[in-house]
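Taking it in order: structure first as structure tokens, then the write-up.
First chain written, first letter: the chains are A, B, C and D, and each begins at residue 1.
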Amino acid sequence: MLTTNPFDDDKLREECGVFGVFGSSDAAALTALGLHALQHRGQEAAGIVAYDGSDFPAHRASGQVGDIFGSQDVIESLPGHRAVGHVRYSTAGGKGLRNVQPLFADFEFGGLAIAHNGNLTNALAVRDRLVRRGSIFQSTADTEVFIHLIATSLYEKIVDRLIDALRQVEGAYSLVVMTQKKLIGVRDPLGVRPLVLGKLHDSYIFSSETVGLDIVGAEFIRDVEPGEIVEITDEGIRSIKPFKPVKSRFCIFEHVYFARPDSIVEGTSVYDVRKNIGRELARESAVEADVVVPIPDSGVPSALGYAEESGIPFELGIIRNHYVGRTFIEPTDQIRHLGVKLKHNANPGKLKGKRVVLVDDSIVRGTTSTKIVELVRQAGAAEVHMRITSPPTAHPCFYGVDTPSKEKLMAANHDIAEMAKMIGVDSLAFVSIDGLYRATGLPGRDAENPAFCDACFSGDYPIRLVDHTAEENKNRKLSQLVERRSA
Amino acid sequence: MLTTNPFDDDKLREECGVFGVFGSSDAAALTALGLHALQHRGQEAAGIVAYDGSDFPAHRASGQVGDIFGSQDVIESLPGHRAVGHVRYSTAGGKGLRNVQPLFADFEFGGLAIAHNGNLTNALAVRDRLVRRGSIFQSTADTEVFIHLIATSLYEKIVDRLIDALRQVEGAYSLVVMTQKKLIGVRDPLGVRPLVLGKLHDSYIFSSETVGLDIVGAEFIRDVEPGEIVEITDEGIRSIKPFKPVKSRFCIFEHVYFARPDSIVEGTSVYDVRKNIGRELARESAVEADVVVPIPDSGVPSALGYAEESGIPFELGIIRNHYVGRTFIEPTDQIRHLGVKLKHNANPGKLKGKRVVLVDDSIVRGTTSTKIVELVRQAGAAEVHMRITSPPTAHPCFYGVDTPSKEKLMAANHDIAEMAKMIGVDSLAFVSIDGLYRATGLPGRDAENPAFCDACFSGDYPIRLVDHTAEENKNRKLSQLVERRSA
Amino acid sequence: MLTTNPFDDDKLREECGVFGVFGSSDAAALTALGLHALQHRGQEAAGIVAYDGSDFPAHRASGQVGDIFGSQDVIESLPGHRAVGHVRYSTAGGKGLRNVQPLFADFEFGGLAIAHNGNLTNALAVRDRLVRRGSIFQSTADTEVFIHLIATSLYEKIVDRLIDALRQVEGAYSLVVMTQKKLIGVRDPLGVRPLVLGKLHDSYIFSSETVGLDIVGAEFIRDVEPGEIVEITDEGIRSIKPFKPVKSRFCIFEHVYFARPDSIVEGTSVYDVRKNIGRELARESAVEADVVVPIPDSGVPSALGYAEESGIPFELGIIRNHYVGRTFIEPTDQIRHLGVKLKHNANPGKLKGKRVVLVDDSIVRGTTSTKIVELVRQAGAAEVHMRITSPPTAHPCFYGVDTPSKEKLMAANHDIAEMAKMIGVDSLAFVSIDGLYRATGLPGRDAENPAFCDACFSGDYPIRLVDHTAEENKNRKLSQLVERRSA
Amino acid sequence: MLTTNPFDDDKLREECGVFGVFGSSDAAALTALGLHALQHRGQEAAGIVAYDGSDFPAHRASGQVGDIFGSQDVIESLPGHRAVGHVRYSTAGGKGLRNVQPLFADFEFGGLAIAHNGNLTNALAVRDRLVRRGSIFQSTADTEVFIHLIATSLYEKIVDRLIDALRQVEGAYSLVVMTQKKLIGVRDPLGVRPLVLGKLHDSYIFSSETVGLDIVGAEFIRDVEPGEIVEITDEGIRSIKPFKPVKSRFCIFEHVYFARPDSIVEGTSVYDVRKNIGRELARESAVEADVVVPIPDSGVPSALGYAEESGIPFELGIIRNHYVGRTFIEPTDQIRHLGVKLKHNANPGKLKGKRVVLVDDSIVRGTTSTKIVELVRQAGAAEVHMRITSPPTAHPCFYGVDTPSKEKLMAANHDIAEMAKMIGVDSLAFVSIDGLYRATGLPGRDAENPAFCDACFSGDYPIRLVDHTAEENKNRKLSQLVERRSA
């Protein structure tokens, strides 16, 4: 199946975005808008659970935010002054509506909804313990262990039950939790995934990124800190830090690709970091050329930085078709060769006879890169030099990013010279890991104490991989139920 | 909203039908056909869970069996040699897809699907105990307590866990349970609801009624006995009787209205019982008249019996429109008066100037009866005498039948003379409780030891009503989640 | 594909029903109800066009009336004091939404909607003439020739254009036509198809049958006469008879099967005619037997007549499942044998060991009859005697009834003894043509001057078959457009 | 209703794109891809009609190409070696499926499908003549007059009938016509709208723009010439020029905004023209500033040209959200103020404290411009200077572009100083009409003999406006039928 959707086929995919509102009569509408701004973090399903003082009206469905929550009657079916929302990329934790977040459960103390960005690394181990004592899981999502841990905790207060649960899990998580009294934001001790706090008039907002605040005109207050629980009630805001502080390890790939360029992430402009990476690349891997061409859309800021630093002109040598059909024709053999052109077309006047520097953010399997280079060559480029704004992606992520298995990661199996040949370029260069750190404003990577999680480049996993290394989890199936989707 | 659906608005409604197949390569197709034959037991939702040796493919949806399971691709999505199915009337245990049976859960020992006809009378009490220890309920159906009782049982073998669960519940239940190894049929100790066992070549079948066997050409073997567990495995069939035997109390209303006339229920032909009731009525409440007219369709066999016994000619004086739109026009005031004619039309040549005996099965709220009498009078009937094939329905059912609350039951609030006046008939008579028992072949009702559950007529409830009488269950809400239906 | 729909697979099918209202603020709602009452005349598509004084709001779709027009917002989208409606059996005149009536066209003089029951026998010849002069047909329905004949007529007044059109067509037609000023009812000179006029307060109503009047509480005024144009305007009602009067030839099969039993057709109760046919059969083809069993639902009145005349008891020996899934499982080979049981089930107590008289209305292909006899024999019947309430159907209809081609009509290819053997009965008898006429109150069939169209029995076609006999129309395709249905 | 669709609310809209393939076994698939590449020319409905040697399989629906034609089974339902396709913006010629092109008709000589980009200026006058002689129109589209003119032509050969039709119409049209033997491309004598001819192996292709050729890998052969009929048959290609040659007047707004930047239009790269316009603007309306910011996406090439010419740095100061929900929340009052931010977000680091040059393609009503300026000011811009890459749009288009009425065109009612004030900018400048012509490579506009149609800027309409100026067409309604959309 060809796809023209804005998530490229051959990209790493952020698996989730979360959003929550406390104290607005437009809670669900604001959440829908916030999720729309976070759509790039998960486009295949979305959900909102509101709280109206008595019930938790909910709507969770497959599709894009605008299609699911775009109509007035849907928003009106979600009344209340509090809401929590979630967007997701569908393969995370299994397909099917039962996995669409926010998850909800009725507890002895009342209802609770939870939205989770990240991935637990010991969810299976915890799940096994819970099932053995009689808990019935209704989804295959790692997030559901939070619910059963809260339900079976012997503590009385909800926050204590939540802390009890957090102490039993390992992994990356930014959570927004909603109860009858509270809206709670949580980040894991290393702060791998982002979560920010904002304010709109009298209401508080949690969002994965600042663009979720911008779209509703909310003011950015601060990041939720790594290991922090921020609890919002009618009495106001309270910060709880139940964990021993450790050096944080924010995901550096948020800067490279996941976050929107207009977001401010951990205090830094994503757009500026990307331009800086382009400059670093121009310095580290200069090449004689006639034109700098971004692979749209993510490569544009870095290409501008490269062009400015190198003095080589910037041109839109590749045009992207933004019309989004979720899927496209299962092609005949004859048509299959058309490949990438559904999304990209050469702008021939800017490529013909030129020595071209192509700027892209990463090479995962290498399939898209190969096709784009072919497109550029067919348009008559004299030379093609590929510059990548991240180091080689040689290791899978276990902290909430969908990565192919190691066998499919081109950089895990080939050196750069081989990759250049396979992709068909005259030269290929990746930004160095130190260059990448410098682009974020640091002097470079401190190997003893790195400021980011960069496991996908370095293999240095800051959280242990309990489930991944357990023998019993090979090819494990979490549920035997295979539910046919209602039309 | 006017409705033309085959469940009359003003009838008691059986809430469920169950079906199961063990050992056929057409298991899901047979189950779909069986459910189609049981459609009268629940028309608003249906589900099938199959087992293919590895997974439990499932499809559960709102609507009628033919619409949900009529297409080949749906059946092909449910492979396997074993399947369990369920039809239901939607308000039983709360609306929403999460309540559509068969329910399924992944246990430590593997998957289990369960389909339930009946109603537990202590489900809330059991649920409270389970929630307090950390069980998370995903539905509001009483049936789900079986699942959590099985999950938290300390016994090792599934059948022992099931027996452990059955010992903790009270109420009416006919169950079909499917696991990775077994298909299990169960009836409660009083056998309130029906369940039969059949055989088709090498496969075994459970069905609520024999018509479910007939449609697939299966042979009727026997009723599952009250209090019996029938377990089918590759090794064959095994009967377990974990309860102390008690005198059974089968629901007598199955004979009056619920069961299909072509079913053999507890060894007796439903059609014959209904004709017999008509004869009893003709003897008990004779009247001078010109024509016996059934209110179609359920009144036809009794009217034939009445006509034969009385010698008064039988005519189809009321014609029913079988075209089924699930709902019909929300009428303007002017149109609202058309009322019952959507379903029924007078056949004027058979009514004009005639003294008419109308035969119907019950009077619940009295709304439909009133409209039909009006229709018959407008067609020119000289006299209208209503004969009802059951005693006055003065008490609600708590064992799996949807009844209005007591305030809405006409017979609970008015004597027969008042009812006759309200309905607008010249005379009104109900079959006596003894007459009804006689029609089933007994000498009459043994007040010390009645052969049937006839609580809706007598108020004699054979199973105690734990939840109903508990003060804390007044206006109780089982879940705070209010899920918007996907389009 | 198995079907459980109320149109039996092996029946002749009336192709259409028409309805119209002039002068009610509930015009569309009344039309929806009228079409619901006429649903048996065409169940696969329905349409309503209203007139609101300025526009002609319209809704035409596939499906049943209750599904298409059951919701308030649909009715509200059809405002106005005038409406015309149509139900149809989809294969008449080609499938596809472009053939769903009422047809509508914008003329020089304004809009016009037309609903047609019947079939033109020279539509192709007329169409050819029109296409040759530049008319563009948008449907493949014969009805569309009326529109182009009206459009190209040189007369000035609409009624004159309509008469001009009627003079050029041959065939059977009952029409309801709506313009900006008028509602017009028309029957062809022979009056083959029915059309009645009714009144509800100040509004006039046209309906194919009186049941369409009954459902809305309208008073029956009279039949539209053969060859009559009844024109209703704000000034009142006007009758025009543009044709030379001829002896009418109403379709006798309306009495046998098409019309609803509670309709009064051409002054006669359909129910009474059917009982009379049963009596005729009992006299003409008496047999020693124990029980008279109707094949439901159409056989019931005749079986009652047969039982009364013969003194043999009437029993519901076959039970019909009225749950309507439009289609059902494309069966595996193993399941295919289940066949007719989806719709019918034996009531074994009434058949076992009995000599059974089965009463049905017709034998078309013979497929259903064969299956039912098999069902009755499996239930243990000692003898099976089939009695048919019409003469053998040996000739196709060209006047608005869907009949199989002659090769598929059992009676066209086999004598009665052969048919009895093929169907598997001990005896088979059809009512005589004279007996059938007697049942309608006539002394018998006057061969010189028959009172009815009985071409399907006699081969005596009262209107010549221009298109059917023209060589150029063999395998003719009316449009090359093959439109994919929108989901 | 807020909209996030890629057609901005406040843009002129091209109404159609056309595409056709002759001689490929993948004709429908290629057409679907071609329409996908032309999606920007009309996003609200699309259709394909194929020809399989016998029938014309067709599918026409509302929605985007990928959604309508993305699945294999749809493409497989359109077999054949020839196909014609169309995308449209829905309000052109009236809504409703009956207006979705390609239009099709069955003629005496066989079927014919026609796809039209442009607008006839005498369609109503011609339609009136046709209706008066008895033609029935099924749509409200101007395109349908071609069909009736062809049908009623007295010429024998199809091409002669087509020429006969063309001689009777006035206006702008690029047509692709398909018959049983031919695929025909046509441009009006002035060549207002584009149409190109391409070749893929042995098959010929017509497409509105070269991007339709690029996506399928076809080779560009040449533009269809103004006034030319290009006829493709199995015998090959034939050019017919039935009109007296006149100086062509291609639509200059195709260069400014309609065409994709990667298209080659009338021999010129659209991207280069747009960069040139930016340079012209920088020369004509220089301003002291810190940063040049395009309004994405259309403003990017011109902003690059402006930046290069002026030496002011180019930055993505405004980020666009490409996730497309066709509509979005009908907002509460509180949310309505969020406005444009659904689509655009400020990139604050590039705007704060800066003197900003904003580059956009046009100002129609001015609504979007006002919101964007507000967004930029909220982000802290010190000065905002707006530069527009077209002259003021002061006149509506009647040649196939959707323009608001003159009262709503800001430039028709205000001078530039007023506009600047209303929009809230420190300065506002439009490119001069001569500057615009220079950007296309000409020395400037030759007022005597302009090379382009620039009526929207100049009011100089090269084709007379017959229907527009006729008094009887004020508020004229083309059809009284108001069809409810099937779900």
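Observations
Convention: a contact is a pair of C-beta atoms (placed from the backbone, for glycine too) under 8 Å apart; a residue touches a chain by one contact, two chains touch by 3 or more.
In this text, all values refer to a predicted model and were calculated from it rather than measured experimentally.
Separation between the centroids of chain B and chain D, computed from CA atoms only, is 62 Å. Chain C and chain D have centres, each the mean of its CA atoms, that are 50 Å apart.
In this assembly, the C-alpha centroid of chain B lies 36 Å from the C-alpha centroid of chain C. Annotation for chain B: no residues touch two or more other chains. Taken pairwise by the contact criterion, the protein chains form one closed cycle in which every chain touches exactly two others.
Interface note: chains touch in the pairs A-B, A-D, B-C, C-D. For chain A in complex with chain B, the touching residues are 49, 54-61, 74, 77-78, 97, 104-108, 110-111, 131-138, 147-148, 151-153, 477-484, 486. Within the complex formed with chain C, the chain B residues making contact are 4, 6, 25-26, 29-30, 32-33, 36-37, 39-40, 43, 64-67, 69-72, 75, 211, 214-217, 260-262, 264, 269, 271-272, 297, 300-301, 304, 308, 313-316, 319, 321-332, 334-335, 337-338, 341-342, 345-350.
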